[in-house]
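You will see two complexes here that share chain A, one where it goes with chain B and one where it goes with chain C.
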Partner chain A sequence: MTNSWTDIKNTDLVIVMGGNAAEAHPCGFKWVTEAKHQRGAKLIVVDPRFTRTASVADYYAPIRPGSDIAFLMGLIRYMIENDKVQWEYVKAFTNASLIVKDEFGWADGLFTGYDEEKRDYDKSSWDYVIGDDGFAVTDPTLQNPRCVWNLLKAHVDVYTPEMVERITGTPKDRFLKIAEMIGECSSPTKTMTSMYALGWTQHSKGAQNIRGMAMLQLILGNIGVRGGGMNALRGHSNIQGLTDIGLMSNLIPGYLNIPTEREADWATYMTSRAFKPLRPGQTSYWQNYPKFMVSFMKSMWGDAAQKDNDWAYHYLPKLDVPSYDILRMYELMDEGRVNLYFCQGFNPLLATPNRDKVTRAFSKLKLLVTMDPLETETARFWENHGAHNDVDTAAIQTEVIQLPSSCFAEDEGALVNSGRWLQWHWKASDMPGEARNDVWIMAQIFLRVRELYRTEGGAFPDPILNLTWDYADPNEPHPEELAREMNGRALSAVYDPTDPTKVVAEPGKQLLNFSQLRDDGSTASGCWIYSGSFNEAGNNMARRDNADPDDTGAYPNWTWSWPLNRRTLYNRASCDLNGKPWDPTRKIIEWDGEKWSGYDVPDISPTAKPGEVMPFIMNQEGVSRLFSRGLMRDGPFPTHMEPFESPVENVFNKRMRGNPVVRVFAKDAADLGTSDEFPFVATSYRLTEHFHYWTKHNVVNAALQPEFFVEISEELAAERGIERGGRVRVWSKRGEVWAVALVTKRIKPMICDGKTVHVVGIPLHWGFVGAARKGWGPNSLTPVLGDANVETPEFKAFLVNIEPAVGEAVS
Partner chain B sequence: MTTNIQDSPRTALSNPPVQPGQSNLGQPAVRRSSAGGPVAEQPTPLTEVAKLIDVSKCIGCKACQSACIEWNDTHPEIETNVGVYENPHDLTPEMFTLMRFAEYDNPDNGNFEWLIRKDGCMHCEEPGCLKACPAPGAIVQYTNGIVDFIHENCIGCGYCVSGCPFDIPRISQKTHVAYKCTLCSDRVAVGQGPACAKACPTHAIVFGTKEDMKIHAAARIEDLKSRGYENAGLYDPPGVGGTHVMYVLHHADKPGIYNDLPEDPQISPVVEGWKGPTKTVGLAAIGLAAVGSVVMGLFSRSAVADEDEHQAQEMVDRAAAGLPVDPIPGREQV
Partner chain C sequence: MNIDLSRRSFLRLAGAGVAATSLGALGFGEAEAAELAHVRDFKLTATTETRNTCPYCSVACGIIIYARPDDTGKRRVVHIEGDADHPTNRGTLCPKGAALKDFVNAPTRLTQPMIRKPGAAAFEPIAWDDALDRIARAIKDDRDANFLATNEAGVPVNRWTTMGFLAASATTNETAWATYKVVRSMGVVGFDNQARV
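What follows is the complex of A and B.
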């Protein structure tokens, strides 16, 4: 989230699209209710199904799964055509005025530079014209036909309301009504908030869905303001924390990158991380990258990381591929190239696409280790459960070790919520049986592996032998020790850069925050964005002061929010070029002639003059990007792309299937179905009554939603002879499931490109262990494809067929 | 607002007291008791309470059901899905409240609406169950308006089901007594709000004095009217003297669209009219009517064992004759 849950109460308009906040985030949704109740805010829901969020919405529109970009570009077109633009904001705070290279263009659904062989773009034309002064050229009058604004205008021109209806199936009148409601928020005193979740991310172009809305929000001037923002509702408790501390194959904590093979040494690695400002006087905060990186290396390897050995850069693994995401890992496993797989807090047998492939892949492992507080299907993938898990147990030789671990209430630590708040919690209960917390388990493994390296040596023992492990109890580091380590401390005296005689942090002391990080080896910090969470003032994450001066929703002393306890990102953009709030009733910060101050920590240097330093300090331009240069693999503007399995062809280019730069493994490509065989669009989702595959173990949740079902329209039910409550078989190119048919008016057929499109809704939550009835998850049906940029699997739009189940009922 | 637990309840929105408190309910606050059961001579005067359910804020998440199960320590069955969102499928002796989902095509504007209503005991000011109940002291009403079932006095006859215009009580086949929402009388008695209100994430369920809840409802109705729901209103049906569970409805002119919420609930005239020995006759009449017309009535009547029926009749007769009534031996207390 750019903003926070509590900030949503400040909004005038909520759009829930690409998510289902009331069902999947019912507690956070209270702030929507609050905004409606206290401010008279309106709620719009755009979703293939009329959800429980829609049941309390002021306006609802259906949309075909996987067609959101067309809807969003249509909205941008409407705003431009009807002058619903916050002009002052757009001109000053976005890259609207920057000039783009002449070579850049878009035709037939593709941007310039596409290479069909490589399934990739040559992105060299997707960039600004750089002047002789080394800065990007601009035209503040927006007259230049090659400025971003005019290119954007041309890019969205094709998305007329008629085209939106044709692609998305959203009736034109509904689309226009929504556009009109949103257009009102171009006023500096009206804001809209966007709440989205996996309904936008789980697509082969998920990142572009989100960019589409972010661009709309920028055009309306809704980023950085109270009640505005791009608010990603994270799908899992602490999944924000997971990404923050880099639990991904290509990341280092704090959104730093694991080097690639091309970056053999420190100097090479740093050349692409200079982040020189692209406009004069701009902050470009990532210029501090070396400080974050060196401090990370010092935190990992202490004295073994020195300037003269490039901070032990050679200890870091170098990626030979962009990432070892789950899709690639299961492909490797299926090829028999993985021996051992550790599954920590993860139930991939039900959560990774194409369950058949997952089972096949697990069967080729030598050892599978699961660490989970609950019994998972993954740990029992080898066990035959009839139709629910029809495997040949005797043929599977994989050894499985289950390590029971702790639930959140059984240990201590911080959970990071969607609003970036690190909220410390305390242990409420002992773990049952032989369960141990994850830290203890990891420590035991590490200590044993280190001992093996110590005694037996190895190809490269140094990174293991030299890893810093100075905890009071090496067998079980305390959560506070780990938190202090992430915050960082001074290794030797840290000096004030403006006054080298002044010590700002004595050796051994916790650092105040990341402003004290240095690239000379004098500081260590495990995760720079968390620096400030546990400083000499103590554990700020444990703060529980719920005072909220002037009811701004900031709650500045409630726990701690990264970065720097800032509650609203880009909050400098809540003020105009004179530093005055666009909406004085929604002030966050203000320029008093000398400095910035207010209710929140300013997202700008406190003394940066409002007319000079622009608010988007993380960007080299200093402004936000309507045009994202070469930063995304699939285009600098979002362009409509069909899902890989779609009932209709791409209206711009019939030859295009899905996202043209998505990585597709050969076997998975052969497993893609077409609409002749699989005429219906399926989408997957969660239900309020359950949390993923956890709560089916709980008898209360199981009683409230006991059995797997699929949702279809009355029209589809009639067409296929399916009765309400009857059993159906649903199958895709990759597998089949049996379910109860929930026939509903909440799903209606749509007309897309002249064709009737039926949607089949497939909730997750059922498997073959737990208290609820046995069932299947959508992953039995979904394709192995990910987003072009981040490899999030395409769970939200795929093709299936459906028929009444015949013969023996499976239950 | 006063903070005296002895009188005004706290709303579920405010933080309830954390220190142990003296219960303000129980026998001293009983102002009405079934079949001539004991009432307090000078019942503790308490402010009338109410739970307000704003269906326009309800997201159907079933947190209320979950909280109800947890607080009352019930164990609803893990049933099947029969093609709807309601689970369990109906109120049961183990499920005192239930989200009911209705799919509604609004003929006035062509919009589709998904109307979700939390069903459960309405705590009528004039409770049909209490009036129909033949077992002395099995159903009581406290001076704050809560209608409570006193299980040790219940004979499981099911007449409360027949007497209820909202079809709420359910008879357990295991314990042979009637169950329904108590409005968390055990929580309210010590200054807490009902568990469902505490758990409701959107504050669709709020609790407080009936007067405060009406004021709160008025503001909600104004908001709904501003959003185009011209017929938004409060459901506090006069036919049962008003209720201590009220609804804010977007379509108060059509309560029936919310899964058959009665338009104008009334206590059966047979129940209303009887006095003393005529009660037995009246009960028989209701029983017959139930068999003929109300499905749930049929269910609940058939759920009563013959022996219980016999004992119940005996107790009714004894009560009618002014003789003391012993609880049925061996009946478990819940």
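What follows is the complex of A and C.
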């Protein structure tokens, strides 16, 4: 989230598209109710199903799964055509005026530079014209036909309300009503917030869905302001933290990158990360990358990381592919090229696409280790459960070790919520039986492996032998020690850069925040964005002052939020070019002639003059990007792409299937179905009574929603002769499931490109262990395809067929 | 630590005191004794209260966990409720959060390490030390056999692709950091978490 849950009360309009907050985030959704009740805010829901959120909305429109980009580009077109633009904001705070290279263009659904064979773009034309002074050329009058604004205008021109209806199935009048409601928020004193979740991310072009809305929010001037923003509701309780700390193939904590093998040494790695400002006088904060990176290396390897060994650069693995993400790993596993696999609190047998493939892949492992507080299907993938897990147990030669771990009540530490608040929690109870917490388990594995390398030697033992592990009890590091390590400390005296005689941090002291990080080896910090969370003032994540001065919703002294305890990102953009709030009733910060101050930590240098330094300090341009240069693989503007399995062809290019740059493994391509065989669009979803595959272990939740069902319209039920509550078989090119049919009015057929499209909703909470009845999940049916930029699987739009099955109906 | 003796247990004692006084004054001494004889102790008596957050979605509602020792001396959760002081949820919980106690105490909680041998039809118990030694040995042997120190061009790449690790997105930051250190130091690149799915 750019903002926070409690900030939603400040909004005038909520759009829930790509999520279902009332169902999946009920207690956070209460802030929408608060805004409706106290401010008269309105709620719009756009979703394939009439969801629980839709049931309390002021306006609802249906949309075909996987067609959101067309809807969003249609909204942008409407705003431009009807002058619903916050012009001062757009001109000053976005790259609307920057000039783009002449070679850049778009035709037939593709941008310039597409190479069909490589399934990739040559992105060299997707960039600004750079002037002789080394800065991007601009035309503040927006007259130049090659400025970003005019290119955007041309790009969205095709998305007329008629075209939106044709692609998305949303009736034109409904689309126009929503556009009109949103258009009101172009006023500097009206704000819309976007709340989205997996309904936008789990597509082969998920990142472009989100960019589409972010662009709209910028055009309306809704980023950085109270009650506005792009608010990713997120899933698990610490999915934000795990992402921040970079537990992904290609990440280093704080959104730094694991090097690739093209970056053979430190100097080469740093050369592509210079982040020189592209406009005069701009911050371009990533210029501090070397400080974050050196401090990380010192945190990992201490004295073994020195300037003369490139800070132990070669202790880091180098990637030969963009990432060894979960989909690639299962492909390698299926080819017999992975031997050991660890699942810590993760149930991939139900969570990753094409369960048949996952089972096949796991069966080729030598050893699978699971660490979980509960039984999981993954740990028992080899166990035969009839139709629910029909495997040949004796033929599976994988050894499985199942380790019992702690749950939240038995552990201490911080979780990061969607609003970036690091909230500390305390241990309440003891673990059952011999269960142990995850830190202890990881420490035990590490100490044993290190001992083996100490005594036996072996392959490149240095990064293991030299890993810092100076905890009071090496067998079980305390959460506070680990938290202090992420915050960072001074290894030797840290000096004030403007006065080299002044020490700002004495050796051994915790650093105040990341402004004290250095690239000379004098500081260590595991995760630079968390620097400030545990400094000499103590554990700021444990703060419990719930005062909220002037009821802004900021709660500045409740726990701690990254970065720097800042509650609203880009909050400098809540003020105009003179530093005065666009809406004085919604002030966050303001410029008093000398400095910025207010209710929140300013997202700008406190003394940066308002007319000179622009608000988007992480970007080289200093402004936000309506045109994202070559930073995304599938285009600098979002363009409509069909799901890989779609009932209709792409209206711009009939030859184009799905996202043209998505990585598709050969076997998975062969496993894609077509609408002749699989005429219905399926989409996965979640229920408020359950959390993923956990709560089926809870008797209360298992009783509330005991049985797997699929949701279909009355029309589809009639067409296929399916009885209300009757049993059905649903199958895709990859598998089949049996379920109870929930026949509802919440799903209606849509007309897309002249064709009737039926949607099948498939919730995901059942498996073969736990207290609920045995069932299946959508991953028995879904294709192995990820988003072009981040490899999030396409769970929200795929094709199935459905028919009545044998079995007694339930009422 | 953030544990106090339950304020409710204090209220309970105070409330009982008021009732006893009024009933006694009205001459219902015997009735009072009979009543008290079959009223069970208030279940939060002598529990500890601990501040925590709900482990499910990332709204991260504040909760208060009430626990007390069982027969073996281990502290067990007896009740969980919303934390009224928490700015986000202000004491409210959803149908999942409201049932958290039965998640912590689920019959399918794991209590001891288990091993399933190749081809076997069932898990069998294994001691922690044996399980951990086995895992460490497997890591060491596989890493030594399959670690790629340099690529064909002779560039140091130091990666190990035959092992993968999925991390949990409901563990703490501190667990995540300890996990990151251990997994990365070995050169593992097949590293992921629920952020993608």
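Operating definition for what follows: the second predicted complex is superposed on the first by the 805 of 811 C-alpha atoms of A that agree within 3 Å, B and C clash if a C-alpha of one lies under 4 Å from a C-alpha of the other, contacts with A are read in each partner's own complex, and residues count from 1 in each chain.
Basically, a residue touches a chain if its C-beta (ideal position, glycine included) is under 8 Å from a C-beta of that chain, and two chains touch if they have at least 3 such contacts.
Everything numeric here is computed off the predicted structure, so don't read it as measured data.
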| item | value |
| --- | --- |
| First (chain B), second (chain C), both or neither touched by A:456 | second |
| Chain B versus chain C as contact partner of A:409, first or second or both or neither | second |
| Of chain C and chain B, partner touching more chain A residues | C |
| Partner chain(s) touched by A:487 [first = chain B, second = chain C, both, neither] | neither |
| Which superposed partner A:222 touches (first chain B, second chain C, both, neither) | neither |
| First, second, both or neither for A:343, with chain B first and chain C second | second |
| Partner chain in contact with A:445 - chain B first, chain C second, else both or neither | second |
| Contacts of A:329 with chain B and chain C, given as first, second, both or neither | second |
| Touching partner for A:689 - first (chain B), second (chain C), both, neither | both |
| Chain B versus chain C as contact partner of A:318, first or second or both or neither | second |
| Chain B/chain C common contact set on chain A | 26-27, 30, 688-689, 699-701, 704, 771 |
| Residues of chain A defined as touching chain B within the complex | 22-23, 26-27, 29-30, 33, 36-37, 40, 42, 50, 52-56, 58, 60, 688-689, 699-709, 723-726, 740-746, 771-773, 811 |
| Of chain C, residues touching chain A in the complex | 1-3, 48, 50-62, 65, 67, 74-77, 80, 85-89, 92-97, 99, 102-104, 106-121, 123, 126, 128, 131-140, 142-144, 146-147, 149, 151, 155-197 |
| Residues of chain B touching chain A in the complex | 56-63, 65-66, 69-70, 75-85, 87-88, 95, 103, 105, 112-116, 201-204, 220, 223, 226-227 |
